[in-house]
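All remarks here apply to the structure that follows.
Naming follows writing order (A, B, C and D), and every chain is counted from residue 1.
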Amino acid sequence: MKGNADKIMSLEAAVRRFVTDGCHLSIGGFTVNRNPMAAVYEIIRQKKRGLHVYAHSNGQGVDELIGGGCVERLEIAYGGSGRFAPTCIRFRRAVESGKLAVEDYSNYQMVLRFAAGAMGVPFLPVRSGLGTDIVVKWGFGPEMRQADPRLPDQKLCVIDNPFGQWAQASKLVLVPAVNPDVTLLHAQFADRSGTVRINGLPFADVEQAKAARRVIVTCEELVDEAYLRDNPGANQLPFLCVDAVVPLPMGAYPTACYGFYDYDPDYLKAYRGFARDETAYQGYLDRFVFGVADHQAFLDLQEAGQLDRIKADPVKGYAVGLDRK
Amino acid sequence: MTYTLREMMAVAAAREIRDGEIVFCGTGISMLAAMAAKHISAPHSVVFFETGAIDARLEEVPLAVADPRVMLGAAMHGSLADAFAFMQNRFTGRKVVGILGAAQIDPFGNLNSTMIGDYTAPEVRFPGSGGACDVGSFVRRTIIFMKQDKRKFVPKLDYLTCPGWLDGPGGRQAAGLGPGGPAAVVTDMGIFRFEEDTGRMYLAGCFEGISVRSILDAMAFAVDVSRSREIAPPSDFELTILRQRCDPQRLILE
Amino acid sequence: MKGNADKIMSLEAAVRRFVTDGCHLSIGGFTVNRNPMAAVYEIIRQKKRGLHVYAHSNGQGVDELIGGGCVERLEIAYGGSGRFAPTCIRFRRAVESGKLAVEDYSNYQMVLRFAAGAMGVPFLPVRSGLGTDIVVKWGFGPEMRQADPRLPDQKLCVIDNPFGQWAQASKLVLVPAVNPDVTLLHAQFADRSGTVRINGLPFADVEQAKAARRVIVTCEELVDEAYLRDNPGANQLPFLCVDAVVPLPMGAYPTACYGFYDYDPDYLKAYRGFARDETAYQGYLDRFVFGVADHQAFLDLQEAGQLDRIKADPVKGYAVGLDRK
Amino acid sequence: MTYTLREMMAVAAAREIRDGEIVFCGTGISMLAAMAAKHISAPHSVVFFETGAIDARLEEVPLAVADPRVMLGAAMHGSLADAFAFMQNRFTGRKVVGILGAAQIDPFGNLNSTMIGDYTAPEVRFPGSGGACDVGSFVRRTIIFMKQDKRKFVPKLDYLTCPGWLDGPGGRQAAGLGPGGPAAVVTDMGIFRFEEDTGRMYLAGCFEGISVRSILDAMAFAVDVSRSREIAPPSDFELTILRQRCDPQRLILE
């Protein structure tokens, strides 16, 4: 499936095929940037349940998956959306009401866990977390871990440096590899066989994709293979690592996509309002997710002119002077 | 010029940044402090974000470390892995000063940004470590922003997210961490520093018009106040930079 | 020194300042591509001695350093130059005559050792080498290692997976980090403060640079900071990781530099001839290295028209139809 | 058409490559075999090099895996770290077939490309592992090129650089390696394969005009020859592809 075949699929078909109830999922992007939001909304729309989600600092995407009732367990470093939600609200509610089991790691630890999965090793070492409760306190207990073959028996482990004081380190934290069943990414460009070009910061998207059994890429523009291959150094993923390609303009909206559009501050502020109230949030889901057939219909619901207001300046990559109060 | 306490905090933190330092910062006021320092006292400092952007032009205030505004004119667009490795690296990490914030802080500058209550059934959930634990573990100096509040300055944290001086002298070494730790805590009332021999916080100064008493009333543990002095208010120049160069839209200052 | 100051230096000054007798050195490039040859020749010219060299598969650069009598110890994965020297000749002679102590690793193991140094961890894990003599046989004995604080006490170590069978691995090889005193690179572009852009394959240059205490970059073209910063995604090293910038056209000659020039098959074949005979090789050194003041004088020694023949096609990146027999 | 033994070797190896496989190859004849397979029997195979170039256009024969000719029209320019991780990766590695060569091979397909004699004082030094040990450790199938020679086919290697089936059944598992190992050995006289139950080499076929006897005379250990058959010579089509599409300059074929 990861060969050089044509991998174009509809988002509905890709999610139906690869995202199953209870599967282990990771999504690309960071807080309010390049989250695969169209895919997130489609997962909620298809009422996927019991997902085990891995993220480093995905704010909006993870919060909406939680709000949509899709997530049972979460391994994460940071659940916030910058100024728009210092702590993601649906995430916070789910944890405080005991509906969501969480395992905390640091941001680098989560990145290394994806990197270990991508490299095909069971763990990677890091000096972060020594002396903290990230090492001591486990969200998933040993019993739960032993019972589930899809989880490592330990959250992490601390070892003495087997090379003595080499590199001035006496102890290391070893963090276990993550190999999600599916990783969802949104990129600026992809070709039919799945070679991907991300412009701007790649975050940990590349490691998250390579660690996964299946990779779904939504993209702003479907381009010819020749266009990407004229500059191989600008591409982040070869077609060999991708299973489905979904051309989807504004697929990261309401989060940003460098060079194409900014995050939508009005949407994110409105979302915060909905998220704070159960009834309002149900109304939000009914209108913006279940009430629409697909992402285009969702975009059509936005106030006239709003999508133009967040259009990115081609040079700067974001919407210059956008009112973000 | 008149000024707000948020402006005072940003200026006070900016003054802590040394010229030539590489400044790791998060969103909000810490980003303003880093931007201001570059225009005021530390022209050769370099701002960098955990998201991998190094020395970006920052023509507009980013509202998140992943804001596309951190990408413009950067020296390079690294990955998260590159950014954290840069701080753990033996040669580059020692030049980094980290600016952090948290929900709770203890007398040794350890931070909690994870939760309040029992970890498996939290009363209050916060976002979590993000890169804070990594920065606190790797770099030589950190500057911490806190709201001065009895529930935030506590003798014992509900959850230790980011290592400060841990339990005091030798604590970090015993845990296996490298040298370095918190240098200053900037609140909305004053500034704390840490004693070398004990690793404990002491009051280094109060902002204009703030009494030592009122600061002590706004924390749940005692600190030495004998070295406290009044901190100079923001100069007109500092305020002008902050308001006109860093946050003209007052996205963070308000 | 690694800040945003102006770091332009002459190659003579950079080598004199940073490359000291007995220092631990690594060079970028791979076999016949983008080796920092001008820097290699300058090191030989300055008669540096007792170098401890780390390389993965640097053919030409390492072979000439060895031939120049500069190298005492070598940690390496591969000592060949493709079709031009399946086994590098001066390397082979030095080993067989007992003049060069060698520690063998696999190519990935050496890359991971640089990566560990770059990441600031004492080791990285890998599944390569289990059951082989790379694990069993050590070129540097335990005594020699214990006696030298600049070497780890073990070549590597094998551990059981602390996470059981996680990631389907029962055992791992841990390879120790390398932190060279100096890494030498040749890149296509750099600015005055040391931000670097490499076009074409980067090999392990980025890891080798970040692992090192000092980094000397020679470049084909010195460009304005603005030129590099208009496309940050195309840059490989930020100025914070570089100590010296040496503008040096054809600085990788006789190896290739993608987009600028091809490797010189005639030079490499002639070199093979010299390398096979002690007298001829001394003559080669006297004429091409000690007999010239700098790299430009060395280039001037090449046969008329030869440098034009290997000029790269701007689109293909190499010299199309070059006679390489 | 008449043909050389080098051409026979390249064609024989090309026939071993399955359509859709990802072919890791080195320089020389292994690269020709991979290029030929793509034009003949495995149009969906993908050629990739340890240097990080994936599916390059290869308009001219590269003379080294770092030859700039491997960069043209690639799907991406990865680093060495990316290339090796791709093979160690649990999902992509299993689709890779590696083509290797060596100075010595033993009955279990283990390879020596490091040295002859005592490791600390070698009589003959070879280049070393390069990526061979990594490929042999990571991928499910390898195809090995060897010169048929008594000094190269030896019962015991002077140095085990790249793991084959190690000491036979269960050997790799005991060592901690993943499944898979050598599938075929292509020499200038014939082809060997490996018995599933013993992991030992057996003679699978002789090239046109080569006797079993002459092959056995050119190796220092005994192998089963009962399954040997004559291998079909290169077809005109195979030769035309090899000569005109892969190596028109005869840089490797000569």
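Criterion: a contact is a pair of C-beta atoms (placed from the backbone, for glycine too) under 8 Å apart; a residue touches a chain by one contact, two chains touch by 3 or more.
If you're wondering where the values come from, they're calculated on a predicted model, not measured in any experiment.
The interface with the greater count of contacting C-beta pairs, when A-D is set against A-B, is A-B.
Mean C-alpha position of chain B lies 40 Å from that of chain C. Separating the centre of chain A from that of chain B, both taken as means of CA atoms, is a distance of 27 Å. Rounded to a whole number, the gap between the C-alpha centres of chain A and chain C is 38 angstrom. Within chain A, the positions touching two or more other chains are listed as 120-121, 126-127, 167, 169, 172, 179, 200, 233. Of all residues in chain B, those touching 2 or more other chains are 53, 71, 77-78, 88, 90, 138, listed in ascending order.
Taken as a contact graph, the chains fit none of the simple arrangements: neither line, ring, star nor complete graph.
In this structure, the chains touch in the following pairs: A-B, A-C, A-D, B-C, C-D.
Of all residues in chain A, only 2-4, 118-121, 179, 195, 210, 212-213, 228-230, 232-233, 235-241 touch chain D in the complex they form.
Contact residues of chain C toward chain D in the complex are 29-34, 56-57, 59, 76-84, 86-88, 91-92, 95-96, 98, 102, 104-109, 111-112, 115, 126-134, 137, 139, 158, 167-172, 200-204, 206-207, 256, 258, 262-263, 265, 312, 316-318, 320-321, 324-325. Here chain B touches chain A in the complex through residues 27-28, 50-53, 59-60, 63-72, 77-81, 84, 88, 90, 114-115, 119-134, 137-138, 159-163, 166, 171-173, 175-178, 249, 251-252, going by the rule given at the top. Remark: chain A residues 116-117, 120-127, 152-154, 157, 159, 161-164, 166-167, 169, 172, 174, 176-177, 179, 199-200, 233-234 touch chain C in the complex. The touching residues of chain B, counted against chain C in their complex, run 20, 22, 44, 46, 53-55, 57, 71, 73-78, 85-86, 88-93, 95, 138.
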